[in-house]
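For clarity, chains are labelled A, B and C in written order, and residue numbers in each chain start from 1.
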Amino acid sequence: MSETKIKVGAAETSLPAMAKDVLMTAVIALVLAVPFIGLKSDSVGTALELYTRWPEMFAIIGAVLVGRVAFLLLRLRRDQPRAQSAQKRAGVKELAANWGGKHIVLIGVAGFACAALLPMMPFASRYTVDIATTFLIYVMLGWGLNIVVGLAGLLDLGYVAFYAVGAYSYALLSTELGWSFWVCLPLAGVFAAAFGVMLGFPVLRLRGDYLAIVTLGFGEIIRVVLTNWVDFTKGPNGISGVPRPSFFGYSFSRGGEQTFHDLLGIAYSSQHRVVFLYFLILILAGLTNWFTLRMRKLPTGRAWEALREDEIACRSLGINPTNVKLSAFALGAMFAGFAGSFFATRQGFVSPESFTFMESAIILAIVVLGGMGSQMGVVLAAFALVILPEWFRDFQQYRMFLFGAAMVLIMVLKPTGVMGRREPTIRLHKKKDAAEDAEAQPEIAQ
Amino acid sequence: MTAVPMTEPMGQSLLDVEHLTMRFGGLTAIDDLSFTARRKEITSIIGPNGAGKTTVFNCLTGFYKPTVGRLKLSHPEKGEHYLERMDGFRIAQVADVGRTFQNIRLFPKMTVLENLIVAQHNVLMRASAFAVAGLFGLARYRDAEKAAVEKACHWLEKVNLIERADWEAGNLPYGDQRRLEIARAMCIDPVLLCLDEPAAGLNPRESLELNTLLTAIRDEQGIGILLIEHDMSVVMGISDHIVVLDHGRKISDGDPNFVRNDPTVIKAYLGEEEEEGDHA
Amino acid sequence: MAYFIQQLINGLTLGAIYGLIAIGYTMVYGIIGMINFAHGEIYMIGAFISVITFLVLQSVGMGFVPLVLVVMLIASMLFTSVYGWTIERIAYRPLRRAPRLAALISAIGMSIALQNYVQLTQGARVKALAPIISGGMTLFEQNGFEVRLSYLQIFIIILTMALMAGFSYLIDRTPLGRQQRACEQDRTMAALVGVNVDRTISTTFVMGAALAAVAGMMVTLYYGVVDFFIGFLAGVKAFTAAVLGGIGSLPGAMLGGLLIGLIEAFWSAYFTIEYKDVATFSILVLVLIFRPTGLLGKPEIEKV
């Protein structure tokens, strides 16, 4: 029945067809709901017992049916005045895309300025700055992964492994050898990149999906090793007492030799460190963004994108695919390494718990939902996936369910991501002409 | 014009294919094929569908490793290369062999200009000192990029696409895509250009333009062109030398006049598959 | 030697379960070329439904073991199939023409949503079930070490073999299997010659889900514990099995599953149990590097 629904547009708008559709939905919802919502197993002592929740189940099924009817009616309305409204919608979309395209630099700079001013705002509580810091970590990770997935088109499901390598290398170097954050930060990047090359060298010749599963496996291997190599990593308990960063040797503690508040001659405030960390990640993320935007206009970056488009054509032009992929993999890993060591110094604690597959999935979702290769898209998607759930803290237990459902929904509605439009890296003609050109270009979906 | 079986060497020999054999499992796609392509000549490989023409290209450009045979490329500046021993990308990078594909392979989401800049990857990589000089915007890289754009524009003008330089390659009409692919292959400065059915899907006017373009490339650049084509107006119009394949074996080899009148060809190719010739 | 044989038995049992899940991956990958990331969750749902069915039977006082097993099997296959069908309908069908990554993200989202759906509705605590089939036989004894083959292991292995035989027949001999193979090779062409592509793909999901449900039920019986998180690791391992055997190949999936099961059993027995997952993934990487088409997969000639 569902097959005909898709193909035959007119038939389904009739009342009987819609009734049939709703009835089918009801039957399926019932079958789905009975074992999980209607019935619930619960342990009583050592035994399992069965409970029923029929009223709740029928309420939920009712809600689903109302949703289905609303969906059908909406589609009915949308289908009828199709030509006109579709044209209008396309027009608005085109306008928004053009405006966004022309002013992308302006928006970026304004966004960065707002971000820089955030801690000075009156509403910026410690909590706000903290959340903003978390948000920026994900933005940075998203930008880093964007090099690998968005630009080079290599599907990496184990990106969090490089994040872990960065975090652990700082945690270990600082607690074992007493090295400072500023020495360890670049080292963490180098280690992560080295891991990227080590993994990448054997596996980068694999087809897309195989690469995905191998990187996923690699991420899990790193986590298992971190959990079980107790002598080296302190195992599942993690490493605590990771030193906090200093401002060129001036610490953010209340007392001690050289402190930040003494340097400036102001009163001690615990807010200082939070704000300092915020600026640190802002700079690191900014650096990642600058680097990526710059690389896009260089031969390496263009080769990444070309490789994503057609590897065989790349080979026919004398481009060594292995080197190009390795460079993307290593550089993407490097930024994860930087972010990792920032994470370690911010938390003061690292454990394998923080580096599960879920993290990789969230970062990948940020890249794909944002629109592959789009820097601005990463920011928007990170906002949707990191900040919005914060606001719904009251719905804590539904959060991850809604998160997953939202991922499906956004992909179904907008498979190319929120910001799917690609900005050329070089133009021959002036941008104004190009805009007219773009209008002349037929929109061929290929 | 008199028909001659094997022409006296007009240009220098550029590519010597010797005893090339390619088997896929039990299937022999190419069987002991030998021929020579020369500089400043257009050499066409023709034959019915499934004769093994594209397989020859794939062996030449490193996508397949030949089962048997030697593919010697005599580069006018860099000496001899044995293509059967080289990785695919090195054949383009070191031996300077460019190619196009039967099913066009552009970078569809990138612009026309970007497609041509990507083709100059290796030159630009050296100039950007592997991205370091480029990252900090040194003059050395800026100049190299300017030169790359100039070369791209040169070819865009040649193929009449300069107006559409900022279009997404995937949005170009079919004929434009074919020409862009040729321009892109030319941007690697090849000594041998392999074209896999460049006239497929073109209208008569476009085919005619293609003829002009290819003869211009041959005469001005002094390179060798290897051509797979079904369109007889293109093949007969511009080829200096034609190799005819059937079921992986060479059945004829000579100038257009010779091939046209060769009874084996007429029997195996033109005679038996008349519609084939008309259709293409 | 006795210890070795015991591990062989344990490994084959585990491998049969992985193999059944792997078939779902391999069929879906074969027909629409995507990793059905939510397939591990389907298996988890199958396990939960078998627990619930068991409890329902218990509450109506049914105690005849063979009948209980048959009802559990049928119920979990039926209900799980509907889940499989619905997932395809909601999360994958709208993305059939979309970029591959979009479908993968949708699948990952589906997997997260399902995991949390089960956690929300059934609670996060581990469900422990008393053994339904107990007992077994001692095959032989050596130096005081008994090699035991439990009735449950026999049940699992025989059921797996029966299902494999049935499915091979379905794919090789019936019109349904023919349509599936047609869609695998060329979906457009299949549609042109009158194959209902949407329905064929739906059927593939339903079949994969039914087999995963059987695997879920077997795990419930075998280990006696189920929680909402079991799908992830089992899913990844089953996918590894599918790749190891050669993705798209039904016997390959089974072979890959058995190998993964054996590797795990032997690694745990002779080396360290903590690193058994590392062993599995390392083998996956090695296979992909040296034989990317898997053990039984057909070599792919690059089309240029």
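Everything that follows uses one rule, which is that a contact is a pair of C-beta atoms (placed from the backbone, for glycine too) under 8 Å apart; a residue touches a chain by one contact, two chains touch by 3 or more.
Bear in mind that the values here come from a model prediction, so they are computed numbers and not experimental data.
Colleague: Which chain has its C-alpha centre closest to the mean of all protein C-alpha atoms shown?
Modeller: Closest to the centre of all protein C-alpha atoms: chain A.
Colleague: Max contacts between which two chains?
Modeller: Top-ranked chain pair by contact count is A-C.
Colleague: Go ahead and note the Å separation of the Cα centroids belonging to chain A and chain C.
Modeller: 29
Colleague: At what distance in angstrom does the C-alpha mean of chain C lie from that of chain B?
Modeller: Computed from C-alpha means, the inter-chain centre distance equals 49 Å.
Colleague: Please tell me the distance, in whole Å, between the geometric centres of chain A and chain B computed from their C-alpha atoms.
Modeller: 43
Colleague: List, in ascending order, every residue of chain C touching at least 2 other chains.
Modeller: Touching at least two other chains: 302, 304.
Colleague: Of all the residues in chain A, which ones touch at least 2 other chains?
Modeller: In chain A, residues 312 touch at least two other chains, as defined above.
Colleague: For chain B, jot down the residues that touch at least 2 other chains.
Modeller: 63, 101
Colleague: If we count contacts the way the header does, which residues on chain C are in touch with chain A in the complex?
Modeller: Residues in contact with chain A: 29, 33-35, 45, 48-49, 51-53, 55-56, 58-59, 79, 82-83, 85-86, 89-91, 94-95, 98-106, 108-118, 120-123, 125, 127-130, 196, 198-199, 232, 236, 239-240, 243, 272, 274-275, 277-278, 280-282, 284-285, 288-289, 292, 302, 304.
Colleague: What part of chain A is in contact with chain B in the complex they form?
Modeller: So the residues of chain A touching chain B come out as 291, 294-295, 297-300, 302-303, 305-306, 309-310, 312-321, 422, 424-429, 433-434, 437, 441-444, 446.
Colleague: Which of the residues in chain A end up touching chain C in this complex?
Modeller: 2-3, 6, 28, 31-32, 34-37, 39-43, 46-50, 149, 155, 202-203, 206-210, 212-214, 216-218, 220-221, 224-225, 227-228, 312, 357-358, 361, 364-365, 368-369, 372, 397-398, 400-401, 403-408, 411-412, 415-416
Colleague: Mind listing the chain B positions that touch chain A in their complex?
Modeller: 61-63, 88-94, 98-99, 101, 105-111, 113-114, 117-122, 124-125, 128, 130-131, 134-135, 141, 145, 149, 153, 162, 164-168, 170-171, 184-185, 188
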